[in-house]
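We call the chains A, B, C, D, E and F, going by the order they appear; numbering starts again at 1 in every chain.
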Amino acid sequence: MSTPMNNLGIVKRNIARADKAAVDKLSRFGVATIHEAMGRVGLMHPYMRPIYPDAQVCGTAVTVLLQPGDNWMLHVAAEQLQPGDVVVAACTVDNTDGFFGDLLATSFRARGALGLIIDGGVRDVKDLTEMKFPVFSRAISARGTVKATLGSVNIPVVVANAVVNPGDVVVADVDGVVVVPRELVGAVADASQKREDNEEAKRQKFREGVLGLDIYGMREPLAAAGLEYVED
Amino acid sequence: MSTPMNNLGIVKRNIARADKAAVDKLSRFGVATIHEAMGRVGLMHPYMRPIYPDAQVCGTAVTVLLQPGDNWMLHVAAEQLQPGDVVVAACTVDNTDGFFGDLLATSFRARGALGLIIDGGVRDVKDLTEMKFPVFSRAISARGTVKATLGSVNIPVVVANAVVNPGDVVVADVDGVVVVPRELVGAVADASQKREDNEEAKRQKFREGVLGLDIYGMREPLAAAGLEYVED
Amino acid sequence: MSTPMNNLGIVKRNIARADKAAVDKLSRFGVATIHEAMGRVGLMHPYMRPIYPDAQVCGTAVTVLLQPGDNWMLHVAAEQLQPGDVVVAACTVDNTDGFFGDLLATSFRARGALGLIIDGGVRDVKDLTEMKFPVFSRAISARGTVKATLGSVNIPVVVANAVVNPGDVVVADVDGVVVVPRELVGAVADASQKREDNEEAKRQKFREGVLGLDIYGMREPLAAAGLEYVED
Amino acid sequence: MSTPMNNLGIVKRNIARADKAAVDKLSRFGVATIHEAMGRVGLMHPYMRPIYPDAQVCGTAVTVLLQPGDNWMLHVAAEQLQPGDVVVAACTVDNTDGFFGDLLATSFRARGALGLIIDGGVRDVKDLTEMKFPVFSRAISARGTVKATLGSVNIPVVVANAVVNPGDVVVADVDGVVVVPRELVGAVADASQKREDNEEAKRQKFREGVLGLDIYGMREPLAAAGLEYVED
Amino acid sequence: MSTPMNNLGIVKRNIARADKAAVDKLSRFGVATIHEAMGRVGLMHPYMRPIYPDAQVCGTAVTVLLQPGDNWMLHVAAEQLQPGDVVVAACTVDNTDGFFGDLLATSFRARGALGLIIDGGVRDVKDLTEMKFPVFSRAISARGTVKATLGSVNIPVVVANAVVNPGDVVVADVDGVVVVPRELVGAVADASQKREDNEEAKRQKFREGVLGLDIYGMREPLAAAGLEYVED
Amino acid sequence: MSTPMNNLGIVKRNIARADKAAVDKLSRFGVATIHEAMGRVGLMHPYMRPIYPDAQVCGTAVTVLLQPGDNWMLHVAAEQLQPGDVVVAACTVDNTDGFFGDLLATSFRARGALGLIIDGGVRDVKDLTEMKFPVFSRAISARGTVKATLGSVNIPVVVANAVVNPGDVVVADVDGVVVVPRELVGAVADASQKREDNEEAKRQKFREGVLGLDIYGMREPLAAAGLEYVED
């Protein structure tokens, strides 16, 4: 099905991954912090949810494009995995089938992968939870898949409305999933640290009862925008 | 943007809150009981879910009308909070952005607020869970918001299809969120108590194997409605 | 409302239930395994979710057809329950009302029922969780229901897109809900056992780092389908 | 089911309707214009759609609260209709049943009603279209309803997230449905006229190729907000 | 994939179709009338919509079970078609791909088929509209499908929550889609006629301004249910 | 808000547009044909619908990233338009507000733009239909927007799950919206022509009653896949 006109039926073997040290540094921060540090970009749609409440993961993306009801390319992707990778799987259409279960998780983990982000369904959730294998998905579904139609591995994909390039870093926790472009990981980690330092000071003020109105100097712009206080 | 024709850009400072003792009494009952005691009214849409399973809250509403992607008015609302209040936030359109996180929760708690009901998204869910700050929301999302457009505080709002007036009581638990009009709180608490007393007797009968058909005298009306028992 | 042209207003008293020993055997397997063992059929839509994470149930179906906002027929169904049954409730239209709570759960349990599968809402989730009464539903909602319009008991129903006949076996866990036709339960249990035996061997190989590409002999069909490996 | 604690089971006979002349004046404007003239409030959720493309209506609201799958109160409402009224029907829960068809339309029209706004389903759409009876609804569905449970007529209702009081004016066209509070109708008509006069001048400028950037003086605030033009 | 445990990979050649004369008679009635005549059963979910406003069809069902993104079985079904048939296609999971376009429509029509009901997507809608080939579907989508995985033809299927057996009659118009079991077609046509005769008399009364309250004798049961009229 | 870490607050003035002659050639084909010619890629999600049934457009993309409830950047985009362009607007989150109406359409048309593809809402649909200004959107909504927060113009965007780069060609009709990368337009037009030529021959065969089973040689692969014909 691959033609010069599309990226279907292709596996890219050699991808540039984000710098290991930078990824480690980034892994200390939550998704909300990283998203803000980047200037409020990079988030997937909030329908992506963890399969267990405290799932979290940070790693370099090996991307997969799946066809609906077909998990062939997840097996192809397994061979391309390196320690520290996270599999990031798109599907050509909305599909909630159970593309992934405990066998593939065992395989991915044996290759050093840290988790899965999938715009589709997963199953064997009890086993995955016991394995502490973090998965963020659009659905949980027992429905099995076939192995009949080609997709691709390590091409740019759109997952839950976010573009992911192979080698980018994905970070996921209970607040959602954020994508950090490969070449920005170090800078985003620094900006995240700065933001967190800054937040701690504010948190202390809030704890003492100081209002955001005063901490952020909002009273004047609110008045300028026309906010009126009425007594009754 | 406020005109004589709408309630936008307004903060009402003085609101009549439901009677403290009545709120305390009401707080002993679950949402399902209160909803039934009122005659089956007052519930928000079931898309409102707790951010952690055992979240629950009962308090007097400080209402907020938000614009999409803009949490300015939550900071304005913070100043209006009194101990025992619950912030109840509507949005002018469907929006799942993360309007609220651990900093605002710290601020709200410092002002004595007990929780948040929001027809939008929240983030920092891990921190909020550790703080045991109960939030009921339409979504969880890391996406940040701006502070650019006015809404209002303490005007009547529609939250998840329910009308909430400032000073009303909102009660929320795993079954959903119910609104009790300010002047009815005492009566509803009494009716809830009566209902609960009544249920305990029934529960005992059900435990012994007596059927609802007999407890509620349903056999005759079922037959009158034409129910037929067929043997094979 | 019942006419010779439909099944409304009917209760079938005598239904053939799946063989007890076969049900016991089947109960050892998860939903994903059973669904695969049957050749990938029989699943309900993934919007059916457990009300607490580790809920699971396996039993013979007593089916119910409900009208929206009306739980009359659940009381009628209670009388038809035998030990080992699971109540499987459809609704004539999409409806999320709280048809079921702790009183009915107490009644069903007193009759020997093991759980509930309902294409609607439930409430008293805190109590149901404490009782460890497994429920799989489309929604959680405190909204109460009336007892005014007839449905039926023990007719074939469509629940979340799956056909359930009275006496069939339903199995539910965190991965979803599957229906096994009454006369196939033994064969499906055998096929499930075979599948599970087979999986254990594969799991060991995956753990050792062998790829699915090799375990399943996929390299040749992938090449035949045109998969290309590109170096950069 | 009516208790002092709710508004169920009530029909208010005498309601104050918006001033006829003001309604006539308002009827010349579209929904988008009116919504803007009010300061961007009063709209129903966009899931409310006309059953035929050029449906439009403007009239005084007779409000109805329906129970799911039950159209009893529409018959009760018919008796309260006066020429120039529009029936505005809420439902206690999400429900798409066909509450309304050509017979009720014939009845409503005979009473002088101009149309229907319903947060539910309708049927007989071919006949309604031929009758040119404008209906705005959440769904089209052939499913019939019963007459078994009380709602109310002429109480305040929430329809598609908007509050409607009896006697308010509702205006609906292909862009949506807007609610104008009874006492504001004249002022809103005036503001709508002003807005429309103002728009015509702008339309002419746009036609000539003048940019909104210049018509609205946006270049400076955009620069102040930090907008950067980059050449490649 | 077919096993003794499921119906996948099967084509039933000989099916009993509903009686031609009865189908003809039934074809005179609309979906709402037929649904009511059957006692309010048999409707598909209202997400099934015509691809052009005045599409309508009535014929005997040749059923198809599709796999997501795969239209192989529609070609298999074409061979089983006889004049007067309507293809009724289910899919194993939610899928909106464009399974069907103008080529298949040309094929189906050449075989005598009258239309298509599909719980999936269709494309070439402009051509289908020009051909006046009626299609009722869950979506319109240009997305193409593969021919790789078996489903079945002429087994019982669940389409948009309704069970359809091969040979049953499906009737579709702007109000929705209804399924009439094969052996009931004559009786349902008679009941539909009776209902329509009855409606005409009522329509006349409604036209004259008589209220449903009086036509249906509702005043007494409303009072018995507790309806209160209040003056202000 | 723009930082080196994101593309917010940026307008790219000079973009390379697809070759005019190639765009003209491509404009002769429908969306389904183009999507197939590319090897089944490039489609937007089917929730994108035309605001009137026969809307269609083919042109070079000027891309816009909008903030929810804010149409500022559409005015900024107007200045960048050249004859033959189509505005393609993404939003940072799901939002159905009415970002666009007849004034902006007048402005866009005055600049030579051919239409709008927007992952948001539009209004003034009656006027837009009379103007024959083709718009494909996720929603119709009268709700107005503010001009307060920066997005960007002519950066790569994700619209309804498809990536669009400035200068790419978008083609839209009743079947959906497809994106053709700038450098592939000529090749895709050629492939589309080939496909259409090929289809005409098949259409003739289908008309004569030849089956797809025979035209495409499916009988053997179906048998190989295990398809069984059963007689009753």
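Here is the rule we go by: a contact is a pair of C-beta atoms (placed from the backbone, for glycine too) under 8 Å apart; a residue touches a chain by one contact, two chains touch by 3 or more.
Note that the structure is a prediction, hence the values are computed from the model and not measured.
J.: In steps of 5 degrees, what rotation angle do you get fitting chain C onto chain E on the CA atoms?
T.: Going from chain C to chain E via C-alpha fit gives 180 degrees.
J.: Just the number, please: Cα centre separation of chain A and chain E in whole Å.
T.: 42
J.: Distance from the CA centroid of chain A to that of chain F, rounded to the nearest Å?
T.: The computed centroid separation for chain A versus chain F comes out at 27 Å.
J.: Measure off the straight-line distance from the CA centroid of chain A to the CA centroid of chain C, and report it in whole Å.
T.: Between these chains, centre-to-centre, one finds 31 Å.
J.: Can you list every residue of chain A that touches 2 or more other chains, as numbers and ranges?
T.: Within chain A, the residues that touch at least two other chains are 1-2, 40, 92, 94, 96, 143, 149.
J.: On the basis of the stated criterion, which chains touch which? Give every pair.
T.: In this structure, the chains touch in these pairs: A-B, A-C, A-E, A-F, B-C, B-D, B-F, C-D, C-E, D-E, D-F, E-F.
J.: Using the touch definition up top, name the residues of chain A that touch chain B in the complex.
T.: Within the complex, chain A contacts chain B at residues 30-32, 35-36, 40, 43, 46, 49, 53-54, 173-176, 178, 199, 202-203, 206-209, 211-213, 216, 218, 221-222, 225-232.
J.: What residues on chain A touch chain C, complex-wise?
T.: Spelled out, the residues of chain A in touch with chain C are 1-2, 9-14, 52, 72, 75-76, 78-79, 96, 98, 101-104, 106-107, 110-111, 121, 123-126, 139-144, 147, 149-150.
J.: Show which residues of chain B lie in contact with chain D when the two form their complex.
T.: Within the complex, chain B contacts chain D at residues 1-8, 37-42, 45, 92, 94, 156, 158, 161-163, 184, 187-188, 191.
J.: For the complex, give me every residue of chain B touching chain F.
T.: Of all residues in chain B, those touching chain F are 67-70, 92-97, 143, 146, 148-149.
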